[in-house]
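The same chain A turns up in both complexes below, where it pairs with chain B and then with chain C.
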Partner chain A sequence: MATAKRYRLSKLERDERRLGYALLAPAALLLLAVVVYPIAELLANSFYSFRLTRPGYRFIGLENYAFALFEDDRFLHSVLNTVIFIVVTVPGALFVGLGLALLANQPFRVKWPVRLGLLLPWALPLVFAGLIFRWFFDFRQGFVNWLIELAGFDPPQWLSDPQLAFAAVCVAIVWKSSSFMALILLAGLQTIPKSLYEAAEVDGASRFQQFVEITLPMLKPAIVVALIFRTITAIQTFDIPYAMTNGGPGTATETMAMYIHKTTIDFLDLGYGSALATLMFLISIVATSVYLRHTKRDTGRG
Partner chain B sequence: MLAKLGKRKTVWLAAAIVAANGFFPALWILFTSLKTEAELLRHPITIVPHDPTLLNYVRVFVDQPILLFLWNSLVVAGLSTVLCIFVSALAAYAIVRLRIPGRNIVLSVLLAVSMFPLISLMVPLFQTMRTLGWLNTYPALVFPYAVLSMPVCTLVMASFFQDIPNDLENAAMIDGCTRLGALWHVVVPLAAPGVFTAAILAFVNAWDEFLLALTLSSRVTSRTLPVGITLYQGEFAFPWPIMSAALIVAIVPVCLLIAVFQERVVSGLTAGGVKG
Partner chain C sequence: MSTYRALFASAALALPLALAASPADAQQTTLRIFVGGQQRPDVMRQILDVYQQRNPGTRVEIEIGGATSDQQQQYLNTVLTSRDAAIDVMLIDVIRPAQFAAAGWAEPLDAYLGAEKDAIMARYLPAYREANIVGGKVIALPYFADAQFLYYRTDLLEKYKLQPPKTWEELASTARTVMQGENNPNLRGFATAGAPIEGTVCTFLVPMWGAGGQFLGAQGKPDVNSAQARRALQLWTDLKAANVTPPNLAEVVTDRIRVDFQAGNLLYAMQWGYAWNRFQNDADSTVKGKTNVVPLPGFAGNQPATCIGGWQIAVSAYSRNKQAAVGLLRYLSSPEVSKMQAILASHLPVFAEVYQDADVLKVNPWFQFARNVVVTGRSRPVSPDYPEVSEIIRTNMNAFLAGTRTADQVIADMNSRLARVYR
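Right after this comes the complex of A and B.
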């Protein structure tokens, strides 16, 4: 069957195919070198005892994984921290982002201040956002404590208290990620036909009713995409806590990614670091497949 | 309450809130960078610098290797953008115009790569670059950065290529152009806005990246701006006046870029974001 079909392709079609594969080849080569090969190496190393601090490369089967999942409290703690960061900052960024999108979706005569106001946080490197918020939450010279003192309260030591440090990092993450969320949601808002609102107004619906009955349902696809996208990046949270607290005080704000980085680069334990990174890879695959299934269903419908 | 304010004023207020939320941290750092050390230590703090000084900028450029960091960032972001755009443009064209089987698989692979946890790549890349002797060199960052932006750039350019009428290419081919000739002479000039949009996204991604730069290129002479500035803190007792001046120096190029091309950036981000 397949050969019969191949014979029916004209010379032009065959040429086009060949050219198509040739054009895809550079991208495929880069992917092989920078993604596929490293992942294969990662999987292989995760079954070995492999430290740069001492000689030897010894197969130990699943020992690295067993240690990570059943004995390494610091790893489990970093997983828990990451989960709490996701649970707090993903919905947080959605609410703030939705608020910003609704505010930005107005008939402005001058458009650039609002547009740039949404773009700036996106363009700012994550570590820089971390550094700036570290300065905001500084005990003596910080902007936040200045406000608190103005209001007549005692300023807290934000970054040296485990819970307060965690909260401060959450604020920074929400600020940094909400504007990208707002851009996506704003694009969604602008596709909602105005006639829907005009019809609702004729029927006497209040602004709140219009929001619940028209805006939210029409915006749902954009919200779902933004949420999944944000969750997948939140799993990898690294830069902001690194710059703000370096995981501290103690390990109060240490995320999975930070612990993996420490294990590999500071402790030079490549075998164990590979096992931890593989676990993270698996978690991301699950999240990504949920995303892919969702987008596929979406395009299928459209 | 909002209704009483009147339509014009609510619109103005909405704009002010969004702009303030975005601009405030950068503005705060700008003010900080213009304060003298004495003013920075004052308590309660001041908002607007009382007697603005450029001393912090002088110290950043004279005492710190910020020009080197700036150069490293420019080279790494520039080269990776060129590589990424070249590779992605070819791939996007193949996806849009040439009837290749497995198109959807290619798209799925691209989406999967764009979701990939960097930290999982970081461990084996560190080992590979170490073996190759590439740690602390430009290629160690250029190749990974090109791949990181490949998915979004391919999708953005594919959506632009799609809008170019097929007839133009066919006409060129009838006139004796080859496929590649038509791509180069007809499609690329028409798709220039799309290519440019993708290039901005790739450049900003590379300019901002921290984790790989920290891991693969942490020697002082090869640091990019994010790594160079963040690691100031480890070596000196948090030098805020210098830090804030350095942050402004690092932020300004990208701010100018996105300020000039803001509409492009938004269209690229939402195309890439909504589709992938």
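Right after this comes the complex of A and C.
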């Protein structure tokens, strides 16, 4: 057949293709070793009773999953905490980040102080941020209670009240993550052509109308990208509550990642910990695919 | 991890060895010991220098890591689950030998001690002898002892002509007397650990034991659904309601108690032995010479009890120099080193006779009282799953002290979760 003949490769082309595979092989093998193998091992372990503190490695099917989903209140509580953290801090960081990005996009003559202010929280290690905020909200020596006492009110015990501790952790997360949001949104803002605003000005649109009609729609792709990244990292929230409250009081601020860490690293229950990690992985995938579908539909329409 | 390290190590070793392989290098054994920042690595170094002088063929390096028992254990968990041979000898908390035995992380010492085993073990204080033998095997040897004491301000008690309390009831009433008399808004009567940390386990156990309660019920399973456990919880509720304890008890970590007591803001404190030195020697201490210790109180009509602590030394099962490591371990767990530690670091000895040593008492006159406390000390629950047992107790206590869970909820949650660990 003529078509078959057209697709037949010459010797040179075949050699080139082979070379291509050979060159790809190291990267593929590396990925296999550091991504695929650990995930496969994790999945396998999740079907076993596998505790380093006790001898034995016993297949138990779905028992770990059943316990996590139907009996382990603490896991479900940690999932709920994580969801509330996402619902509060992702939009929170978006609003604060958008404000910061708009501010940084102003035609300042000296740009570096604003840029530095944006970058600094982002560059700070998460555990650092957690520790700083723990001292901020300290009952007796904290800055927040100092202000409250200065204003003449009774200082609350931020980190030993479940609701207040949760709020304090949210404040720390929003502070830490809004600069990342702002950086992405700032990049988006700078791609919007000036001519659009000039045209709007000629038509007599107010600043607010310009923001709603031009800035927000043009910024939407950047917002979605920022939301996806932020949500994925929010599902994995660990460092800040770990350093601020260690999940306390009780388990009031314990997230999924913290409970998994405790189960595997502290309790050495690798089987159950693997099952919990797999569940978290599934939740991550679901959340991401919801966002991705949303964006696909959008680009299809536009 | 270990393979990478081995690769790097062999690459790094190959070059100088190829250039100048001297026979002396081949004889040298290098041991690595893991110590936490709070166990005075500086003093450990002095002790090791003596050992190196006596054993010229052995060099001992110190690896320092972790400021708390939990952090040290997290690091060791990573090293030992990956079967890393980088650490030969390690300091482990008194609550850990059961876990190390079950996980097979510590080299059992019976074969190395041989016929002397019983004689060697008999010399240690009973609580430490028992803590280090798991299932008939010697898992580790004691390095230094510790216990929780009731620290009190001698000047304040004298001022109000009060005696140090023997019962929790006396503690509450004397604290109220002093607080009312002093009328100092910063002064509180008593503090103990309440944050979700290891020390908070003792905040639950000590008053429960002091009410005559036991952690294990019938058939060796944990049962905290007892009148004694409720009494322990009620004690903290009452002390908090009477403003004897700081209002943020659920945030209090071990060293915060030390800082507050040192600043003169506490009358009594439930605290480990390390604080004594800080009270007497720190530049910012306002309580120099105004401090003493007594055993922790019990409830009227019951035997008081305290939590023992302290650090043990074990040989890693993955060490490549076990014979040399055991030699070092024998030295570190000897009366000679116990005495050195007592003088250099005020570490409580694990041998009864060192408490009476004249040189030791000259530096630490309070050891004459300390010994009585240490010998009445009790071990926290022994379990290979101790980290989980501890976490169940401390998380519940923390929630209880924060006022977010009731005594009934705490007891029910502890019992159901402990049952799963001990099943």
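Quick note on the criterion: the second predicted complex is superposed on the first by the 261 of 302 C-alpha atoms of A that agree within 3 Å, B and C clash if a C-alpha of one lies under 4 Å from a C-alpha of the other, contacts with A are read in each partner's own complex, and residues count from 1 in each chain.
Please note the rule applied: contacts are C-beta pairs under 8 Å (C-beta built on N, C-alpha and C of every residue); 3 or more make two chains touch, one makes a residue touch a chain.
A quick note: this is a predicted structure, and the numbers were derived from the prediction, not measured.
Applying the stated contact rule after C-alpha superposition, one finds that A:A252 touches chain C and leaves chain B untouched. Contacts of A:G273 after superposition: chain B is touched, whereas chain C is not reached. In the overlay built on the shared chain, the residue A:D161 is in contact with chain C alone; chain B does not reach it.
In the superposition on chain A, contact is made by A:A129 with chain B only, not with chain C.
Between chain B and chain C, B touches the greater number of residues of chain A.
Contacts of A:K262 after superposition on the shared chain: chain C is touched, whereas chain B is not. Residue contacts after overlaying the shared chain place A:I148 against neither chain B nor chain C.
Once chain A of one complex is fitted onto chain A of the other, the partner contacts of A:R140 extend to both chain B and chain C. Residues 140, 265 of chain A lie in contact with chain B in one complex and with chain C in the other. Note for the complex: chain A touches chain B at residues 13, 15-17, 19-21, 23-24, 26-27, 30-31, 33-35, 37-39, 41-42, 45, 100, 103-104, 106-108, 112-133, 135-136, 140-143, 146, 149, 175, 179-180, 183-184, 186-188, 222, 225-226, 229, 232, 235-236, 238-239, 242-243, 256-257, 260-261, 264-265, 270, 273-274, 277-278, 280-281, 284, 287-288, 291-292, 295. On chain B, the positions that touch chain A within their shared complex are 11, 14-15, 17-23, 25-26, 28-29, 32, 40-41, 43-45, 86-88, 90-91, 93-94, 98-101, 106, 108-109, 111-113, 115-128, 143-144, 146-147, 150, 154, 179-180, 204, 207-211, 214-215, 225-226, 229-230, 233, 240, 243-244, 247, 250-251, 254-255, 258-259, 262-263, 265-266, 269-270, 273-276. Per the touch definition, chain A reaches chain C in the complex via residues 51-55, 138-140, 157, 159-162, 246-252, 262, 265-269. Residues of chain C that touch chain A in their complex: 70, 73-74, 77-78, 81, 99, 102-103, 195-197, 247-251, 384-385, 387-388, 391, 395-396, 398-399, 401-402, 404-405.
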